[in-house]
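What follows is a set of notes on a single structure, which appears directly below.
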């Protein structure tokens, strides 16, 4: 049974069909990249899977459980963590506090107004680890808003992994990064993926990043899936070439 | 007393009430729409308008002149306040700060009026031309209230046309949609903001002058009317000009007829109305959904 | 640690107050402390969750009126009356919180205002019970339980208020530093992100509103038996405005700041309004000055020097290069 299964997901905005009958199955442990030109519906797909936007039609099944129509926080509680295309942080809190709040979200006693010392201690520990993994430990006490753009993107990924998700969804993690920053981010992501048995869906523009990280690739074009398979198969696919890859190179 | 006559008289009453409410609510909603500022001092400015109107009548004997002088004075006060204080806070992007600042101004205005005009209410005579009553369906009805309805309607139409048809109106609507873009296109947004704040203040002052012959100018008039105006703006939709018209009418009708049919609940009824609207449509009747 | 010492020290100093000040001054101080508690309760919403309430008078009024009615109609010991008054207010606050948290920002502020004004209107509607515009007078300050009549004296009541204030402060402090408090901070900084991390932010907001109303109603409940009467003005929006000002002037998001703000405001007002008619003018100007020049409030000013000495952890040089990249 796949970990995540999208069945005929559709989302239209007025007359525009941003995501059109998307079927996709992601096995546990897989690193899946979703690629496509601008406006292909990648971010919309992310948003309807995580419940940020309601679907027009179709279903999402996560670990055998229907999650369509659940509010965002419930979807996340099932074990899906995500980052946003535009960095979403708590800019006035320190990097460590950012990750700590994320880590705490998975603790059963996260709501405790009193007698929650063990929750804080546990979250602190997870946060330290996540920052370490993102090589951000030295910025632990720095306000997130003061970090460089590249570090902010890494911090957001750190927050996502601190949630100990079963499925990690990264929306263009290298967007807006310089070449050096991208290389560093890819290196960190590779180490992270090599270590664990994370399942990842990755939306990415940078083809190099995609081919370095992904096991399988899904190509979206105008809201539809036009190809689905191993990186080399996708590369060789004529339709993909003309729709996307050819156009870029 | 016949029923039809009663209904007509009460309806006209409600319309004249709505006119007064509109004068304060529309400035509030315009200022919010353009500047994202909830102007707590708006009631105070309304009151200052009434008092300045009183003094103008007292010194010159002309009610008509007060309709000119009060708005100009109050617009000047508003303009100075905007330039000296509010404009310094735009960078901070903190809605709370505006609320506090204008609340501070409201306190100062109330005290200033107290110091200048003293604690006793000041009554303004209805000008000769508008004195007396007309008989509608056997019911006597004050001409002054009819005048209020007329001037309220005229002001609403004029403002609406101003916003829809003129270049300045277009600019105002553009700033309320996207101030940065308008700024980038080479318009002095700061000037538009100051202008709209002064316009809002002037309209409120006009409302104050017009209401003075009905209720006298008294110290609490600002704090009473501002809450009504908030309710109107919330019901109509924050920042929506048409919403302020609809809201004024709705609140005035509920107040006038509510006071007659549900005397016990007269005070509570407009808050209940507001709660109802917000629960059904959180953005207000004509406002954008949040 | 240093802060704890300061708090303990000021609590001890407070306890000595009834021994040294004259009777009349003690009255003022008790009222100021109650107002400090009231301002602190609002800080939970304004300072920690950025929920701007413009109707916090509702909490005060509910606490005051329910305690008044209980003490008047039932022969109960004073502390029980106060506890019941708070309990009733908390129960009423639950649906209020549910409705108010449906919206955010300005609408939230206006909804809280609507409820406070509704409370004001209800006092006039149910005149038989509430006394209408006359309010309710002659509220007793009964003895008990177990025949303890300590609270009946003014200095005894002072200790009761100090106890409630310090207790509430410690409780609120525990709340804001708890896991729950961390979520509130997240909501304050970025609610959408907090929700995307898996928190049901609406539930947290509801909870904090109920808590704030609870502590606020405790302030109202303490006021009632001390003053001996209640009036509909307790619900009026000017009360809400004043307490909001105290939170800001004191220093939102610090708990201790609003307490100081509330106390200073009440003492200043009581002193100055006697000597000068200009008090509201001065007050308005001070307030505007704080908004313009010291947005962190009194407490922010007091702790500024201490804070600037704090070293930011992390490697400074690397931080610079990191910041320099676009």
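As written, the chains take the letters A, B and C, and residue 1 is the first residue of each chain.
Methods note: contacts are C-beta pairs under 8 Å (C-beta built on N, C-alpha and C of every residue); 3 or more make two chains touch, one makes a residue touch a chain.
Source: prediction; values computed, not measured.
Asker: Which chains does chain A share as contact partners with chain C?
Answerer: For chain A paired with chain C, there are no chains in contact with each.
Asker: Whose C-alpha centre lies nearest the centre of all protein C-alpha atoms?
Answerer: Looking at where each chain's C-alpha mean falls, the closest to the middle is C.
Asker: In whole angstrom, how far does the Cα centroid of chain A sit from the Cα centroid of chain C?
Answerer: About 42 Å separates the centre of chain A from that of chain C.
Asker: For chain B versus chain C, what separation do you get between their C-alpha means, in angstrom?
Answerer: 32
Asker: Distance from the CA centroid of chain A to that of chain B, rounded to the nearest Å?
Answerer: 50
Asker: Going by the contact rule at the top, pick out the chain C residues touching chain A in the complex.
Answerer: 171, 174-175, 178-183, 185-186, 189-190, 192-201, 203-204, 207, 211, 312-315, 318-319, 322-326
Asker: Using the touch rule from the top, collect the residues of chain B that touch chain C in their complex.
Answerer: Against chain C, chain B makes touches at 32, 38, 40, 85, 88-89, 92, 94-97, 99-101, 103-108, 110-112, 114-115, 223, 227, 230-231, 234, 238, 264-265, 267-268, 271-272, 274-275, 278-279, 282-283, 290.
Asker: Given the complex with chain B, which residues does chain C contribute to the contact?
Answerer: 46, 50, 52, 54, 99, 102-107, 109-111, 113-115, 117-118, 120-122, 124-125, 237-238, 241, 244-245, 248, 277-278, 280-281, 283-285, 287-288, 291-292, 295
Asker: Can you check the complex and tell me which residues of chain A touch chain C?
Answerer: Those residues of chain A that touch chain C are 50, 52, 71-74, 76-77, 81-82, 84, 88-93, 97, 100-102, 104-107, 109-116, 119-120, 123, 138-142, 146-151, 159, 163, 178, 181.
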